[in-house]
Amino acid sequence: MLWFDIISGIVGGLMLILAFLAINSKKLINSVLLLSGLSMLAVVAFVMLKAPDVAITEAVIGSGLVTSLFVFTLLSTRKEAKK
Amino acid sequence: MIQYAAILLFVLGLYGIFISTNTIKMLVSLNILEIGLNIFIISIGFNYQGIAPILSSVSDTGLIYVDPLPQALVLTAIVIGVGTTALGLAFAKSIYQKYQSFDLNDMEESL
Amino acid sequence: MANIEYLLLFLVGSAVISYFLTRLNSFIGSIFTIFATMFVFVSLAAYGFNMNLDTTVSLLPWFSFSQTYLGFFFVIIIAFIYLMVSFFHPYFLDKYPYKNSYNLLFLLSLAGIIGAFYTDHFLQLFFFFEMIIWTTMFLIPQGKSREAAVSYFGFSLTGSVALLIGIFVIYQNVGRFDIQAGLAGISGTTSVFVFVLFMIAALAKLGTFPLHIWLPLAHGNAPHPFSPVLSGALVKLGAFIGILALIKINPIGPVIGAIDLALGQYIIAFIGSLSIVFGTLMAIKEDDAKKLLAYSSMSHGGYILVAFSALNGFAFAGGLYHILAHALASAGAFMAIAAVARATGTTKMKELGGMIHKMPITYLAYLIAIISMAGIPPMGGFISKWLIFQAVIDRGMILIAVAVFFGSVGSFLYVFRPLAALFLGQEFREYKHVKEAPLLMLIPTFIIMGLNIYTGVIPKQIIDFINNIIGENTAFAPVVATTFTVTATYGTLNAGLIALIFGVGVAIAFIIFILMKKSRKVELMDTYTAANFVHDEHLLHYSVDFYAPLERMYEKQSHWMKKFYDALAHKVKEVGKLAKYLFMSNNIGVTLIWILVIIVLLIGVVAL
Amino acid sequence: MKKLFGLILFMGLGVLIILALNNTISFPKFGSVDLSDRVADAYLDNDNVSEVGSANIVTAIVVGYRGFDTLGEVTVLFISALGVAFLFSFKKEKRLDLKFKPNFMLKHGSKLLFGIMLVVSLYIITHGHLTPGGGFPGGAIIASGVLLLYLADDKFRSNIKGFKVLEGVAGSLFVIIGLLGLILATSFLENFIASGTVGQLLSAGIIPIIYVLIGLKVGSEIASVVDNFLTEEESA
Amino acid sequence: MSAVLLIAIPLLAAFISILFKKYSIYLLFAVTIFNIANVFLATEGIIIIGGFSPPLGISLLVDTYSKIALLLVNALVLVIAALNVKAYPKYGTILLLVVAGLNGLVLTNDLFNFFVFLEISGIAAYLITASNKKPITTFRYLVIGAIGSSLFLLGLIILYSMFGTLNMVDMIKEIALNNNYQELVLPFTLMFIGLGVEAKLLPFNSWVKGILGHSNTFSGPMIASVYASAMGFVLGRFITNLFNFEGMLLTVVLVILVAGIVLSDIMAFASKKSREILLFSSVAQASMIALLFVNGIIIWAVYLIIANALSKTVMFMIINKAQKDVGSDEVKSLQGLFANNLVIGIIFTIATLSVMGLPLLVGFTIKLNFLTELADAGQIWTIAFILIASVVEGIYFVKLLLKLWYPEGNLIKVNYHLSFKLVFAIIALALLTFGVYQAPLDKLDNTVDTVMEVVNNG
């Protein structure tokens, strides 16, 4: 129980830091990547919370697909931004 | 601990939406908010002694499981979140095509 | 068909028919309107005087009616004005943008009026009030100005909303909407509250002092045949509510010892007298004849308020008499001006003159109307004002008496200005081809002329009917009257005798005028001053800048009330803009802050 | 300034919510949840488990007890895919140019990988009622495979029409199975196939069937979303 | 017939319709007509889904209240879609999903299922408002809507962890057993805000201005009447059965709602654009509806929803069509709109007067009746505020009407299709008829005196 609390505290703290950085980062792409990292940490949290189904889904959908959608959006506008 | 972190993630998401004027940032914040919410939902079903709600055989008795219902709800919520995010990104992209920017402050006639 | 319900249905039905007839031909539609109005008036007159109207309800289950002398007094006056005015419709409607709906709305508003005075249920009273408001609200903008309609609607709505709040306060305390029981059932603070609300309604409808802005706007800009209705008939709704508040509710407040009158009534009397003074002062400087008469309506509204707040049999009778007299007088005056306006297209005094040569009958009608309005014998206005004076002096209300006398003197100053400007003086060239009003329009002119004189000469029947109202609603002693006389505290007024003397005087003057007629018609430009030729005919017109010194005196002060309401509207708009900024921001953050505030408020205060 | 102010404000809100939750007696403390007074207790009941026939209780809930939610969820994804397609419907469209040259290995390796992913996803989907996973992750893996193909080849364009058909058919079949439940049994989405033995592949009645449909639908929907994000208006 | 078909059939049709895109709109007509028929045939009570008894599985709840809501929503969607079939033909599939989503919202008896349907209808609404061609406003709507539904989800999860059930009827019973309102303030606040966002209650509704302020003949009536009425019904169900506001929460909610009415009317008063006037008026109406539910005046709230939906459909369609043809929605540039369109003008006037609550129209009956009931409940200050707001409302509507009737300068030309006139005339006639003839309303009165009959029965 103690170990659980310690680890979950670390994970939770890391998540908060990542979230704060994602919100405050200057570059959009960094923000998106930090979100992806946050999502990965969430997967860890889900596993710790004994939710394997959710963890798998979050891993595939949350951190994989959502991130790629964000990236594609940024990519598709990148060259126009250069103009 | 993780439950508090979840709630704080939720309000951090709100904070992110509050301070950002950028559509992508808003959607990132929205995702943070949803992750926080999802963890919170799972956390209300958690038990220190519990195991994941998958039976190895019917005869298993006396085991404590974590609440499976919140997990099912989160499964749904994640997919719904993806739907919203995808649509939001699509709108962000069409805003970009119209105004050449993601920043809502750049758009004079944004009303 | 002496059932109120049938009368209402008849009016609604004929309103619809008149719409289609007017669509076909405005003349036919208007003639139909005359007959419909006449039918209603005759049915009311035939059965109503003896309280013989059938009040049972079979087709409109939501409604219930009862008849009172008080209600009938108002209904018959207003229906009469409607009838008289309807004679004007055939000659005016073609000018209006939505002439088809004119007759429709006219008849519907009459239905509203009949309902309002016959109902015995507060909510129905409100129903009919609102119905009158919105039907007439659509009639007014057919005239000159849309702003006028908005202003009229705004003040009327304020009044009826105040009325409705009052109604609900009564309902909360008494538990029913019955008018008689409701008014009788409240007491103490509640009654003060209701009194205030009802008085707001009354002041707004009557167009008296603090809520008078709409009056000149609406009267001045309404379609010409509608101004008489507005001034002669519709403002009297306010008087009705005023009676309910002042006489029936009559809240017990601190009593002013010297005059033995409750504070509430005294305040209303004071407001009434302010209204008299203001109306008079504003009317004096007004150039538009219709607006001038509107201000005079305002000051007459003040008389009515003073009369009912004096809480005295003579004053009460005087007030009711004044309602009748003023309805006739102002209808007559407005109708005369409408006839002139129809012929010339304007109501501005400086653009008119010499109409007496073209429209002598109209001139006479106007003359008689303003004599009554100014309270000069032998017209109805004299008797009513005489009664009111008696009561005011009897009560010892010095301040108010001063105002009342001031108003009386003041009305001499203003009512003859249109007379002089419109009818007397030199003719304008552009009105050479003007003719007297057509016969159909002269009929009501004659009738009203006759009634104006009748009310001033033979008060007996009217006073008798008023005594019925006194007996029905108050504990005051009835007013003693014989065929030609009325008796009050300080003596007896012999209206017949005065009329006789007056008539003889006029006759002598007329004979002298006929015998010694030596006047010569002079062209407008056929004159010169200080050896200079006159180049601008308008400047010489003697109604222009008539009270220039007076005008200069209160030029600056005159519009402060209007400014106040404009500022109010502006403030409301600013609040709206602020609210838009605070709630409807384009920034999502603002919404988030609101969500946060509410959660914090609730959790912080309640949950923790 | 606004940032600091906002941070304090919203963190305050978070702390307040936490405090309020701690103050709420009925709200169970973290980690010591008692399932006995929750609906979830019944889901873990042996009789119910054998009636539904799914060893993975989460799957039993997602597809069985709360199958209607899942239908709604699929609909959400469907409508957002529809919306994305709607917003990106240009007159002339072309692939988004990713500006890198894929080499031979990548081109063909990715196809191989796609095959493996397809197999994995099929496994995950069909074993949804036994092991963690199921339709959503499985479908998402299919979509990821498609995504891989997109990334590996600049010229690659999938057949959107095919996805549309798959999407429509899978969705319709889902509803039709539900309606069959209404007709053959008593209520919408009710199981009308024998549940079988818990723990076996061919068990749990309609749950695997529905999960396959969900997998296909989710996969095709996400794939079409990806495709839409990777197209842009052709500048003439 | 089972009420579940009201949701399942539109969904099935939606899935099929993407295979036959061209016919989707006709599919929509068929489905809504089928639904309307189905509403009359559907059995009342708890409808089980998946064969699991209520606390376990999801169930639907059918009663008179939800039937009225279903009828209104489906009929309005049918009418609005039919009138827009030429201008906006591509929305068949989305409208099918709207129908499914809103029917689900009204019918469901499960809190999380409600959330799912909230998302379906929400996303459908974002797509509908995409037809405004103002992606920024839609984006804002999306973000605020997502926040709102997240708050709702947070609230319902807290409720679940407290009471261990998601079934609404079950939840209500559990809450009654618990009998500690203090604890419920947090979840109820969150859920109320979540619903308030969608139901456009005042401080949570900043999206409305952008969305309805740029709406067209399709999105305007869809959001302002279809969504507004569905959310009104749903809010009513939540407020009267689940929330049962008490104490401080009640006070705050009342203040929010009354402030919503007054401020929205004042905002409308300050607006110069016709669409803004209409949208602020519908915000005020939404607050009014919620206020009535909070005070337990169910029947008149239901009538108010219906009357508001009908009149707002007409008003938004007329104004938005004019805006489209003229190119501006400033009241100034629409002056004299009705000079050439008498019929449309009369219909618009009737609808406006009904909203203002003037006699002979159904709005008056509703207003007077609910005011009476408020007086019965001792809410004299609420009455005063409502009425003061109604003065402001009256003035801005009259200003608008007069401007639209009386031309200034050039006459503007707007052509309304005959079908518009026909449908609107029927609606206006209904407003007029029920204003005068109230017997059918009284009859309904007896059947909808409780929002959730099942709860009260056992």
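List of remarks:
Letters A, B, C, D and E mark the chains in the order given here, with residues in each chain numbered from 1 onward.
To be clear about the criterion, a residue touches a chain if its C-beta (ideal position, glycine included) is under 8 Å from a C-beta of that chain, and two chains touch if they have at least 3 such contacts.
Quantities reported herein were computed from a predicted structural model and do not represent experimental measurements.
Counting only chains that touch, the fewest steps needed to get from chain C to chain D is 1. Any chain that touches chain A and also touches chain C is listed here: B, D.
Once chain D is taken out of the picture, touching still joins all leftover chains into one piece. Of all chains, C has its CA centroid at the greatest distance from the CA centroid of chain A.
Among the other chains, the CA centroid farthest from that of chain E is the one of C.
Put simply, the chain nearest the middle, going by average C-alpha positions, is E. For the pairs B-E and B-D, the count of C-beta pairs in contact is higher at B-D. Chain D and chain E have Cα centroids lying 31 Å from one another. Centre-to-centre separation of chain C and chain E, using mean CA positions: 44 Å. A separation of 10 Å divides the Cα centre of chain A from that of chain B. Per-chain Cα centroids separate chain A from chain D by 18 Å. Contact with two or more other chains is made by residues 112, 116, 119, 123, 126-127, 130, 143, 147, 158, 160-161, 166, 183, 185-186, 209-210 of chain E.
Residue numbers of chain D whose C-beta contacts span two or more other chains: 3, 6, 9-10, 13, 17, 20-21, 24, 28, 31, 33, 38-40, 43, 56, 58, 65-66, 69, 72-73, 76, 79-80, 83, 87, 132, 136, 222, 225, 229. Across the assembly, chain C contributes 586, 588-589, 592-593, 596, 599, 603, 607 as residues in contact with two or more other chains. Under the touch rule stated earlier, the contacting chain pairs are A-B, A-D, B-C, B-D, B-E, C-D, C-E, D-E.
Note for the complex: chain C touches chain D at residues 589, 593, 596, 599-600, 603-604, 607-608. Put simply, chain D touches chain C in their complex at residues 6, 9-10, 12-13, 16-17, 19-20, 23-24. In the complex of the two chains, the chain D residues touching chain B come out as 2-3, 6-7, 9-11, 13-14, 17-18, 21, 28, 30-33, 35, 38-40, 43-44, 46, 49-50, 55-58, 60-62, 65-66, 69-70, 72-74, 76-77, 79-81, 83-84, 87-88, 130-132, 136, 198-199, 218, 222, 225, 228-229, 233. Chain A meets chain B in the complex at residues 1, 4-5, 8-9, 11-13, 15-16, 19-20, 22-23, 28, 31-32, 35, 38-39, 42, 45-46, 48-54, 57-58, 61-62, 65-66, 69-70, 73-74, 76-77, 80-81.
In the complex of the two chains, the chain E residues touching chain C come out as 140, 143-144, 147, 151, 182-183, 185-186, 189-190, 193, 202-210, 247-249, 252, 256, 263, 266-271, 339, 353, 358-360, 364, 368, 371-372, 374-376, 378, 380, 383-384, 387-388, 390-392, 394-395, 398-399, 402-403, 405-406, 438.
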